[in-house]
Structure formats: structure tokens, C-alpha cells
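Below: a set of structures, written as C-alpha cells.
After this come two complexes, each holding subunit A, first together with subunit B and then together with subunit C.
Right after this comes the complex of A and B.
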């Protein structure tokens, strides 16, 4: 709010040229200071520390007070030549794109469903989504791990009842593919409510008049969705997709808990758990910081499509 | 993640600032200067029973008038917590239990106070030697033994005798017997494929090792002939006797030797587990205090114990489990911390450890373990037990889960020699 005020105030006010070079800080400027300080301390300091550490040899001895030798970009070079690192990167990107895409599709469909059904059904739907969204991750994970349990899990029990399917004691968490399918299902389950609600909010803003006009012009349901509704809620979809991509790239809790139940091997790592293993696990904070900075760069690269589309929209308007 | 690093950063900064102060005040560990100091003790997992915790609190209060706060840390993320808390004078525990195999890492990093001036007072030569050695740097003692346990086998007498099998006397006979006991629904010997802490017994028994010191550098020896022989034997044992997934690591094998609640038969004829597992093995009955749980009562007719036999008979060298205990170098309450060490190494407390089934650090009190079959198996298996390499980077090897990964791949049927060479390289990077 303060930001808009400071920007808009001088433009709206008539400009007396004599007063122009104001030296005194205005009240809005002063009000901004605490927020900036909190941002700098909370976000800036760890970021700078991380960049500095990523260029140091920082192991357990440094943690206990010995000076950390500056090694320049050596950590980054050894990362770039480490095949494990690239396997993790490729796996993480694939995981985040597939999971985010499925989340978006399911969320979209649910949102459309919410606009189509009656109030009672919609309320039931919304409450269930809200419950899934509000469920603490650790509690939800515990139940999910039980569901996929090798010996007593409901999933194996149900699949095994299908004639011709032998899923008795199928170990979901023992091969990377099935491990990540389970992980993906869980992450999708946890993120769909957010997408569904955001898109639903967007859908309620699509004006009835426009849709009615389109209907009169002979557009059927699919065409209305494709040519009227989608373009109108495109900004919502874009930001939701971006957030999903970033969240799914950084996913940590779900993977680490599944690893506790399954395997801790590096074939089951995504970037989050890889960094944790490097840093907290093998006490190589220098390398762990280097990977973190890389992830930051990767996140920026993925977000670029969104920033560019924002810039384009700015040009058009 | 960022927050975690921030904490680490602040911890480091604090350590740098306080490094000067922390080295003082250590020498005069008299009861006088410990007066009224409130200290914190970190214990790992629930291994130390409540009666022992209460004893420590009461005795510490009596000795110093101060309060002892005991905080329990989970084994799983303890290395990470110790790494961030120990350098920070404001947050460090004053005394902490650590996994015995992590001792070299933390002592070499300078995390602990030099205890050599009170080593003799605390038990000296009577303390379990292998545990003292992992906590030593340049002949000075930093981390001392807390308790030891070791692993031995539990087996179903009913299943073994029905198949006409007797307790084996050599490792080869053991392998063969448990393989013959495997059926589609029952493991002859239930062991997770990534369970390296038990699996290394087959390496040790064949004269192999995980790493050795070559000059002043540690190198992995997974690809040595003896180790490969042990690993190959383990691979064939896992494939032939266990139904556990190759990726299963630190599991709770005792649930498999008890009768399964749903089927009424056990999932395993034999398991290997730390001695205290016997509290969880036996005939299951509903817990009178909590209807959702069951309690196990040991039944000598159904269950038995034996020590894993060596290649040529005797006892195989198993992994020496247990903990060390040390005073944090960054602690501001050195006197109080040392006072607590005196209580821990007192005859009374050592006896209490033994009575609760934990091998006391001071071997003079080992008789407190009693003379039942569990105590005998514990002492017999501990006699030949071996520790993991005392390399400075060992905690990093464990923290990164490299051995779980390696054993998992071997158990999944991988080429032992090729895998061993590949993982030797990974070990070399972390060991020093």
C-alpha cells in the first residue's frame, strides 16, 4: 500500500517546480524502512552468506572455527563435472514439470467442476479441498506412507483384488520410477487445492454477459472455455503455474520422508535432498551452498517465461 | 534451507567470537566452581531408560545444586544437529552422547574438551579400549565410552527344529541353514539389503575392512580381496535367505520374528539385532495399558539366541554398537559438565547401565549385566566386535548414506568388484 502511495502521490498532485528538490524524507519513505531492513536481514544476509560460502572450502573444521580458504569457483567446477549432480538436476526438472503440469490440469478441471455444480456439492468439494490443503505435511505423509506400505498398505491390497494383478507386497519405494510416481501423487494431492481455489476465484470474475453473448453467437461449451474463459483467466493460470514449478523444484519434506521409508540412495534424490545430504549430511557446506546458488539460478531461468510475458503485456498496454 | 544455513552462519560467527573464551576455565574442574551451574545433556534416542535419567538429575543436583536438563535427540538427524549446535556457545549442550563412529569426526574438528587430565579418575585403562581410541587425538582423550551393545542372532526354535536344524558353528553353515529355511512367505534370515551395520559382519569375518590408513591418509578398501569375498558371501546370503527389499536399511527386524498379527505365523525364522531387541521379541498379547498396542513376553520354548559364528567357528566380529560421551568445548559450564562426567562414570551409574542391559563403559562393572542368555550373548559377541574406521570424515560417510547405497546395490545383484571400486572412490573423497 505504501509503495503505491509514494509512487502515485506526486503524479496526482499539481507540480510546483520551486518545491521539486525535496531533501526531507517523507513519511511514506520512513514507513518503508522497517520492511526494507527486514527484507535485507532476512533474505539478503543468508543469500550473501551463501554466495560467499559457495566460494569457500567450508567443511566441519570451518564450522568449528577454523578459517575457510577461498577457492573461487572451484566448487562450481567440481559440480559441473559431477555426473551425479546432473542426474539430480535432470530428475528434478522432469519431476517438477510433470508434477506441476498434472497439478494444473487437475486443479483446472476441479475449478470448472465447482462452477458447474450446485451450492451443496460445491461446498462439500471446497471443504474437502481445504482440508487437504490445511493438513500438516508430516501428518499427511505418515498416512500416505501407510497407504503405500509394502505389506499392509491399502493400495497394494486393493490392486491385488483386481483379477490377474499381482501386487501382493509390491515395494513401491524400492525402484526410482515407482518412488517418484508415489512422490508425484502426494505432491499433486497437496497442491491441487491451491490451484483449484485460485482458478475458481478467476472463473468467478468472468462476466456472465460476455459468456451469454458468445452463447448467442453460437459458441458451444468447449469453444467458450477455449476462446473466452481461458484467455480471461490466463494471468491467474500463469502465476499459479509459476508458483507450482518453483515449489515442485524445491520439494523437500515429502521426498525426505519417503526416503526414510524407502531408500536413501542417490537415485532417489531431488535437488532439495541432494543439498541437504551434501550440507547437513556430509558436512560440505561449501558445495551445498554452490548447489543452492545453482538452484536459485535455475528457478530464475524457469520463471523467465513469466517475467517476459509480463513485460510483453506492459508493452501492449 | 536458507534458514538452516543462516542458523549455521550465526553459529559459526558465534563460535569465531567465542573461540577465545571457550578454551579457558577448563582446568579447574573442582566441585566448587561447578556450584549452581545449570547444564544440558543431550542423549541420543531412547536408549537410556528413564530411571537412569532421573538418577543423573538427582545426583547432579546433590553434587552441585544446579539443574541438569536432559534433551533427547533423534539418531536420524543427530549429526546435523550436533554440527550446528556444538560450535555455538549459546546453544551447545554441555555434555552430549554421540554415536561411537562419529567420535573421530567431531574430536578432530575440535568440538570437545580435552579430558585427559581426568581420564584416570573416570576409569582410565578399565574403560572399553576400542571406544576410547575413536575418541582420541594425539594421545589425548576427548570423547569417552558411554555404553556398548552388540548384535547377535535371534531365532525361532520351533521353525528350526521342525526343519531339523541345529545352531550353526561356522559362518558358512549359518548361511546354508538360513537359506534352506526360506519359503515364499518366510525369510530364513531377515535382513534389509541396505542394512550395512549388520552386513559388515560378513566383511569383518572374512578379514576385510571398509577403509584403512595408508600413510597419513585414509583410503577405502571395499575392493580389497577379503572385502569383496565377504560382500559376495553377503550378496548370496541376501538373495538366498531374505525377503526384505534391497533398499531396506535400519529396520526393526524383530517385528518379523514375532508372529504376524494377521497371519499368526512369523515372517522370519532368524534375525540379527542389537541385544536390547529382546524386550520386543516374544509371544504377543494386548497391552493392558493401551489396547492399540501389544506387549511381547519372551518365551524360551519358541525363541532362542546365538552369536553369529565366525568363518572358522567361534564368534564372528560384529559391528560394535554403542555411544561415546563428551564435553562440548564451547560450553560455558565446563566445571558442571565435568562434574556430570564424574557421576556418569561412578560405580553406581555404571552398574545401573549394566542392569538395564547396556554394556557399561567401565568393564569392571560388566558383571552387572547379569548372567542370563542375553547377557552372555552380549558379552560373547562384544568380545570380538569391531568398530568402523576411525577416519576424521567418517561421520560424513554415514551422514551421506553412502554405505546404505552401496550395500543396497550389492544386494540388488550388482557386480561386487565394480561397485566396490566405484564406492571406494566416493569414500576417499569424504574420509580425510
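Right after this comes the complex of A and C.
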């Protein structure tokens, strides 16, 4: 099946004389057309619109239907000098890195734990992780908001039981720090199962013979972990980390719902909610587009490594 | 998780106390003992694992538990940890005003349309990139991988403007188009693996026996692909079913809300009045249960599909 199919495309066939033999579309190209068209409509056009719009100014007049004037990179410049934008960017990146790092560490530890316990215990652990993983984001958010409820939430109840800790009616969602701690806990809870399962799958690939050989050569547990297991599962860890970074940048749903239950003030915004407020709220599509382009660029920068490793994988298969 | 038995071997041998390079005789007795499964370290780790399991599953349990308890019980400042004497009243209340069925209908229509077209388009594209070598193949694969990473948060304002400019705001078609486009890249990537996993030799053999190329594909490869199509379809389903961001901007009208938006309505309402948490948890359970069931069916592919990438974000 290595030979390229060069049979004439059926669509081009009916009237050969009318159309000069421009470029014949081959079968694979025809097969790709529906996918390409839907991607152009659903993603391509909005992307181009967004690039154009990010260079237009939207003010009061545009809300009444006036065309928006072209202002070049002015939106980007005003973003770069806007302290609120910088706060949101720094907060988002900090949230993303901290959450992804903790997720990775917890996931790794749980994966190692899975290899260290008996089958029954491991299955219990795996099933409970799976249940958490399977929860739809919105449903998970309602449960967590209930858990962190100021007056009747279980979290405050349990923390309050610790001697010397007074968490009765502690309002988690009313200060930015605790708000983002809650957000981070929820995101970590949701993402750890994926990391744990992936790393566990990687760990089970580490061959028994190699480990035994190392043991015979006198490598103790720590050394085996450091010199044999870690290098072998490094690719998995890298991919998982990249995905976590990308996912933790896009936490719009979680933040929006926490804001529903708490405060909508801008100190509680990350990039997603910031764009939403600019665009859907203030109708400032120029600025909203400029921030969106920034988010896309940031995502692409991180995902480039991921895409490259996937392509390598593809070559090998 | 089919390789469970195999793993225990690896683990057992890894954990087994080093078969000591010191061959001194008196140690044989304790060594035999340590081979028994009940070693203190292992017991401690098992306890730790159980504690982690309980902590991790607790929110899911708490959702079910609260959904079965009466509002009076939930009002108490001391939580009730087991739903003794619970009832399904909260479910009846959540379903009462009928908005659930409307949201269910919208969710089902949007999701089924998106899944159908997504599978169709992705299937054709997957066949193209895994069965043919042609110009532009590499760039297409690259484009698919990159598009798959684009966050909805980076495009939804533009999609909102586009959809509203053609008058499709608050319509099922508008959202379905965006969903199809959003899910197609990952589905192509996933199906590509399945198509490539079926040896082309099978088709060639059938062609030698006189079938046409299309005939060989449809009669030999297609039936073998069925599990792959089902798995990819379930993934596409889960993606569209759980989607929140795009639905939020494209379906602002309350009577067009999908299930995630419907569920969010309960939390929004809690800002202005006392929340009936039993009802909210019942609503969450209604939304989550089918998803959990579907998810558990296909999760094996999820783990192995690590390289296939960005599924849940």
C-alpha cells in the first residue's frame, strides 16, 4: 500500500473538457476535504478574524454599529502597559506552574504507590482515581463549592475539628489567595489521575531484568530509581508535564464557577475569565482579541515540544 | 488495566527484599519471613493507599450522599456522612420544573450532531493519512496536532462574533459546527492509530482475490475498525457533552442551555438565595452519572492513549 493512488478524482471526472487539466486532486486529498473545511470554518476563520480584530479599536461608537478603525498594534501596546493585564498574566502563569508542578509530584508519588501495594489495594486506588477523573468539570465544581461552603461545608467542619484550628465559617472564596488555593486543589484533584495512570503505565514498562541486573550489581532502591527507572520514564513525565501546563492555562470553567460562588472582581481573574469579561462583558473585541492571541501564542510555545515528540512517535510507527 | 497480573510480578520482585549479596547462613530464617506478603512497610503503604483512595473519591461520594439527604438534614452544622433514611426527593425537585429535560434535549442534539459529523470527517481524514502517502500529508498531520492544542479560551470571542454575525447564536447548528471543528483534530489522531493498526496486507490479499480497493477496504478493514470508531465516538461524545466555555458564549438564552450550563445555573442562583444543596447535588449526579459510566467503558484506551494526547482539559 505504499504506492500513491493516482486514480482520477470522481468529482473532477464529469466534464473533463470544460476544466483544463489544472491540478488533479488525488483520493487522499478528497478524503481530507471535509475535515479541512470544518476546521477552516470553526477554527481558521475565527483565528483570522481575531488577528484582524486585535488591530482594531472598539469603543462606544462600535457598540452602535460603527465599523471599528484599524489601529495597528496599539491594542498590544496598551496591553503591555496595562498593570491589570500584567497582574492577570503573572497570576495565570504562577497558577499554571504551581498547579502543574504539584499535580506532577502527587501523580508520580501515587504511581509509585500503585506499584508498591498489592493488587486489591491498587485496584481500590485506581478505581477511586478513575471516578474522580470521570467527573464532568461542571459537576465536580458544584461538589467542590459545596465542600468548601462557608457554613456547612465539610472542609471547614473537618479542619475545625483539629485542635487549635478555628475554621468555623471561614470564607475560602473571599480572598484571592485562598480562592486560588481552592481552585488549585480542585484542578489538582481533577488532573492527578491522568498523571498517575500515565506514569504508572510507564513504570510497568521498565523491564524486570534490567532492575534485577542492577540489583545484582549492588544498586540499592534509591539508585535504581535514580539511574534506571527515572531515565526510562522521563519521556512520559515530560509529555505529562507539558500537557498539564497547557491544561492549567485553560481553567476558564473552574474559575468562572468559583467566581459565581464567590466574587467576580478582577483580582480573581485568570486569562480566560479576563478575556471573557473584555469581550462578552465590555464588548471591547479589539482588546479581547489581543489577549486571546497572547494566550494562543503562549499555548503554542508550550505545546511545540509536545507536538514535536508526537511527530517523532508517528515517524516510528 | 488488563495487564494486572503481569504488573504484580514486576512489583513483587522489585519490592522483595534484596536477595542479599551476603550469603551468610543464619539469615535464611528471617529472609523467608520477609518473603511473606505482610511486611510492615507494605502494610503502611497499603494503609496510605487506602487513605488516598478515600480522600480522592470523597467528593464523588459526597455528591451522591448529599443528593439523597433531605434539606433539613443538610441544614445541620454537623455533616451527615451516611445517607441513612435518604430519599430521591431531591431528584424529583431537580427534575420538577422541566428545565432539565429541555437542557438534556439540547445537549443530546448538539452532541449527537457533533459526534456524527466528527466521526465521519475524521474517519475519512484518518484513512487518508494512514493509508496514503501524498504531498502535504506531513503538514496536515502537523496542523491537526497544533489545532488540537488551541484552547477554547483563545478563540471563543471570535467564534461568538462569527456565529452571531450569521444569526446562529442560540441555535443548535452554530454550537454543533464549533464542536465538530474542536473535536475533529483529536478524533483524526485517534482513528489514525486504529486504521494504521490494521495491516494493509489484509486488504491487498482481498484485492488479489478480486475485490476492488474500495470493496476491500469496506469489507475487510472497516469491520475491524468498529471498536476504534466506537472508542473515538465515545471520546468525542464526552468532549462535547462536558463542554462549557463555548456553550456559555454561543447559547446565552436560558431555554437553549446545555446540561453543563443548566447545572451552573444552580450555583449562580446560590449567590442571591440560600442554596438547596441537596437539589444541586442531585442535579450534579444526574449530569455526572452517564458520563462516569461512559468514561469507565473507554478509560483503558485513555491510559494507553497517552501519546494521543489532549483529551481532558
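Convention: the second predicted complex is superposed on the first by the 247 of 317 C-alpha atoms of A that agree within 3 Å, B and C clash if a C-alpha of one lies under 4 Å from a C-alpha of the other, contacts with A are read in each partner's own complex, and residues count from 1 in each chain.
The working rule: a contact is a pair of C-beta atoms (placed from the backbone, for glycine too) under 8 Å apart; a residue touches a chain by one contact, two chains touch by 3 or more.
What you see is a predicted model, and the numbers here were worked out from it, not measured in a lab.
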item	value
Touching partner for A:174 - first (subunit B), second (subunit C), both, neither	first
Partner chain in contact with A:65 - subunit B first, subunit C second, else both or neither	first
Partner chain(s) touched by A:116 [first = subunit B, second = subunit C, both, neither]	second
Which of subunit B and subunit C A:145 touches, first, second, both or neither	second
Partner chain in contact with A:283 - subunit B first, subunit C second, else both or neither	first
Which of subunit B and subunit C A:210 touches, first, second, both or neither	neither
Subunit B versus subunit C as contact partner of A:46, first or second or both or neither	both
Partner chain(s) touched by A:260 [first = subunit B, second = subunit C, both, neither]	both
Most subunit A residues touched (candidates subunit B, subunit C)	C
Set intersection of subunit A contacts, subunit C complex versus subunit B complex	43, 45-47, 49-50, 53, 152, 250, 252, 260, 272, 275-276, 278-280, 285, 289, 292
Subunit A partner contacts - residues on subunit B that touch it in the complex	1-6, 8-9, 11-12, 15-16, 19, 76-77, 79-80, 83-84, 86-87, 105-106, 108-111, 194, 245-247, 249, 262, 395-397, 399-401, 404-405, 408-409, 430
Contact footprint of subunit C on subunit A as seen in their complex	1-2, 4-5, 26-29, 31-32, 34-36, 38-39, 41-43, 45-47, 49-50, 53, 110, 113-119, 121-147, 149, 151-152, 154, 157, 189-190, 192-194, 197-198, 201, 204, 206, 208, 211-212, 215-216, 218, 220, 236, 239-240, 243, 246-247, 249-250, 252-253, 256-257, 260-261, 271-272, 275-276, 278-280, 285, 288-289, 292-293, 295-296, 299-300, 303, 306-307, 310-311, 313-314, 317
Residues of subunit A defined as touching subunit B within the complex	43, 45-47, 49-50, 53, 60-66, 150, 152, 171, 173-174, 250, 252, 260, 262-266, 272, 275-285, 289, 292
Parts of subunit C lying in touch with subunit A, wherever the complex brings them together	1, 3-11, 13-15, 18-19, 21, 37, 42, 45-46, 48-50, 52-54, 56-57, 59-60, 62-63, 66, 74-79, 117, 120-122, 124-125, 127-129, 131-134, 136-137, 140-143, 145-147, 149-162, 177-178, 180-182, 184-185, 188, 193, 196, 200, 203-204, 213, 241-242, 244-245, 248-249, 260, 263-264, 266-268, 270-271, 277, 280-281, 283-285, 287-288, 291-292, 295-296, 299, 302-304, 306-307, 309-310, 312-313
